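Pasting the structures here.
Okay, so chain A shows up in both of these, paired with chain B first and chain C after.
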Partner chain A sequence: MSNYFHRVLLIYVKDIKDEFRTFDNLLSTIIFGVMLVFIFSFAFQLTDLAVDQAFSAVLWVSIFFSSVLAIQRSFAKERENNVMDALLLASGDRGIIFLAKFLCNLTVLLLFELVVVPLLWIFTGISALGHIQAGLFIGSLFLGSWGLAAIGTMLNGITIQLPSARLLFPILLFPLLIPLLIGVIQCTNTALLGVSEPLSGWVYFLISFNILFTVLPLVLFDFVLEG
Partner chain B sequence: MSDQLDVIGVSKQIGPKRILTDVSFSSITGELLVITGPNGAGKTTLLRLIAGLSKKSSGQILWNGSCYGIDHGSLGYLSHKPMLYETLSVLDNMVFFAKMYDRFSMESIERLLERVGLWLYRYEPAAVLSRGMQQRLALARTLLFDPKLILYDEPFTGLDFNGQKLLREVLEEKRANSIQIVISHELSLLQGLPHEEMKLLRGRMVREGVSCE
Partner chain C sequence: MLEGWKKFNFWVLMLLVPINIYLIFLYAPVEKTMGIVQKVFYFHVASAWIGLLAFVVVFIASIAYLANRKVQMNHLALASAEIGTLFISCTLLTGPLWAYPIWNTWWTWDPRLTTTLVLWFMYVAYIALQGGGTAENRRRFAAVYGIVAFINVPLVFFSARWWRSIHPIVVSGEGIGLTPKMRFVMFFSIVTFSFLYTYLLGLRYKGISLAERINRLKAELSQ
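Right after this comes the complex of A and B.
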């Protein structure tokens, strides 16, 4: 088992190092996200829309579109030169590749949010949150990113071998993400607006949803990456 | 210890197309099996099935009598594509795969890179290497551990005279403790190496186990 996680860690560290060495994936994702934030904040200034009401939807729209950009390139390096074959042979278990890629995508998304969320906060002028609200807000960001990374990695693995992968990936991703997006927008809204409706149902739903889409590919990746 | 590979009635179908039909052969440690045949005969598909990179439609592939597949640490695969991370340096490629196979030793990496003539280029990204140098690096990666089964898919691709000589040395050297299966159109490059020859034609085996010198 320790060997399993050791190999997960090796692929993860290689991918993260590569991410910071080339910086193109993370940087282009951040630039895209920042541009979305700018556009939304300009749009808010031109309308009478209550910013705090729309904040969570805007936040998750920005994260969703940027994540498509980030995640759809997660297997790009393996596609060049058939490196995927070498990686499959060296890992011995396809679940290892999924887990490492998922963790790498999750890290990239969290780093992206670290830049974009404060910017959106500043531009929209939302007031500061209390401890519990802040905790719930960070929790919903984490749960949303976890789900996005898990489903995105799984779908990227499925579509990577197809000739029209870049077209199919966002088309397949969106319907699968609808339940997740509804859940995280509810949680984020509650964190920001302090709505008193019970939230535990949504939190349990998000945790179950994320566990399902993290465990399922671990088992199914053997078929997903079948040549 | 001698190992045995048994391929029994293996077929592969993708959609309506039958790539391989009822292919059977056996090989034991010490054997060098050369698979020939025209383009599209199913040679690469057969190697991919043995390596576990692709799933067979029917039949059995047994490793020492077991159908659970070959342990990843026992299988070497040298393809005509170098299968290298182009953004990583020569050394980083070697270190990464050595660690993945749990065989990391800087001395052995240095020795292998010197043997394939790439030690001086160790900090260069794999992308800037010539095609032949990339193939040498792929060969060095295959030798990182001690595979019991080595699959070569057109391994001479891109290699210059010295590279071809080096690969022949490896084929000779690994004979003692490995089963080696080679796909090659360039049979002249294997002259002088005793081997069994098998021919595939439109996914069927038409000639089995002809001994050649």
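Right after this comes the complex of A and C.
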């Protein structure tokens, strides 16, 4: 068992190293995210709408769109020089590859949010509100990124083997994310606006959704990376 | 066997469809407050039922394909997905026709409406994934997606409902008090549509299989 997780760790470390050595993936994702956040906040300013009401919607739409860029790279880099075959040989289990890629994507998304969320915070001037539940806010960011990374990694494993990958990936991804979208927006909204609603249900919902969509690809990934 | 079933199915439909139209327009009473527009309900509910049923077929056929890799199962899943898209589209088109005069809005984010729309998107994604390609890996991927997407349907429904139950409901439920006659016609429509579905499924299944055979023969000839 420890051997299993050791191998996951090895591939994860390899991917993270690769991410920071080339840096262009993370950087372009962050720049794209900053751009989105800027456009959204500015457009809201132009219409004189209260942007703090729409903060969580803007935040998650930006993260969802940027995640397409971030996750799309994760399997693409293994295609050059048939690295995929080597990975399959080295790991011996497709679940290991899934877990490592998933953790790498999750890390990239969290790093991305580290830059983009404070920026959106400043642009929209939401800090004036005061009664913000920081723990819940960070927790919902983590839960949302977890679900995004898990579903995205599985679908990227599929689309990367097809010619029209770039077009297919978001088409496959977004419908599956709808329950996640509903959940995370409820959580962030409550964290920011302090609405006293029974919220623990949504947190449990998100956790079980994420566990389901982390375990399900583990089972199905044998069929995704076959031959 | 399949041909015999198709012929039988055809004649059943020839019998059921005229009866069903008679029942909908002449037998079922006109709704007191909604008037004649309520007639679309019988088509609407039956199409929605087929849309869901077709997705169950996609799910089961996908599991069967992954389990024993019979190409037929993939053809069945694809045929069912295509017909399901058609019926879900009918549901999405007939819904607003009824909703606008009754609810005074074309669209509302009611859990059922949301789920139907997401279902439509997943169907489209499933068909895009198959993409007319005959490669083995496309079949496998489509099967994986078919399974995951089906599991997602109840999650969408319950999360949408939960979200709506917390917030005030803008437009309350359909609120149709069905008379016994209306209920009978509704179930009759569902039965008719189910026969229509199986008939179309058989046709489309054969169409896909033949198209694939032509492709294979072409490939053999060009070698």
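Here, the second predicted complex is superposed on the first by the 221 of 227 C-alpha atoms of A that agree within 3 Å, B and C clash if a C-alpha of one lies under 4 Å from a C-alpha of the other, contacts with A are read in each partner's own complex, and residues count from 1 in each chain.
Throughout what follows, a contact is a pair of C-beta atoms (placed from the backbone, for glycine too) under 8 Å apart; a residue touches a chain by one contact, two chains touch by 3 or more.
Everything numeric in this text was worked out from a predicted model, so none of it was measured.
In this overlay on chain A, chain B fits alongside chain C without clashing.
Of the two partner chains placed around the shared chain by superposition, neither chain B nor chain C is touched by A:Ile211.
Counting the residues of chain A that each partner touches, chain B and chain C differ, and the larger count belongs to C.
Contact with chain B, but none with chain C, is seen for A:Asn3 once the two complexes are overlaid on the shared chain. By the touch criterion defined above, A:Lys77 reaches chain B but does not reach chain C.
Of the two partner chains, chain B is the only one that A:Thr22 touches; chain C does not reach it.
Using C-alpha centres, the superposed arrangement gives chain A a vertex angle toward chain B and chain C of 90 degrees, stated as a multiple of 10.
Applying the stated contact rule after C-alpha superposition, one finds that A:Ala86 touches chain B and leaves chain C untouched.
Touch criterion met: A:Ile182 reaches chain C, while chain B stays clear of it. Judged by the touch definition given at the top, the superposed model places A:Gln161 against chain C, while chain B stays out of reach. With chain A used as the common frame, chain B approaches chain C to a shortest CA-CA distance of 5 Å.
For the contact definition in use here, the residues of chain A common to its chain B contact set and its chain C contact set are 226. By the touch criterion stated above, chain A contacts chain B in their complex at residues 3, 6-7, 10-11, 14, 18, 21-22, 77, 80-83, 85-92, 226-227. Within the complex formed with chain A, the chain C residues making contact are 66, 114, 118, 121-122, 124-125, 128-129, 131, 133, 137-138, 140-141, 143-145, 147-149, 151-152, 155-156, 158-160, 162-163, 166. Considering their complex, residues 48, 51-55, 71-73, 75, 77, 79, 81-88, 96-97, 99-102, 141 of chain B touch chain A. Touching chain C in their complex are the following residues of chain A: 154-155, 158, 161-162, 164, 168, 171-172, 174-176, 178-179, 182-183, 186, 197-198, 201-202, 205, 209, 212-213, 216, 220, 223-224, 226.
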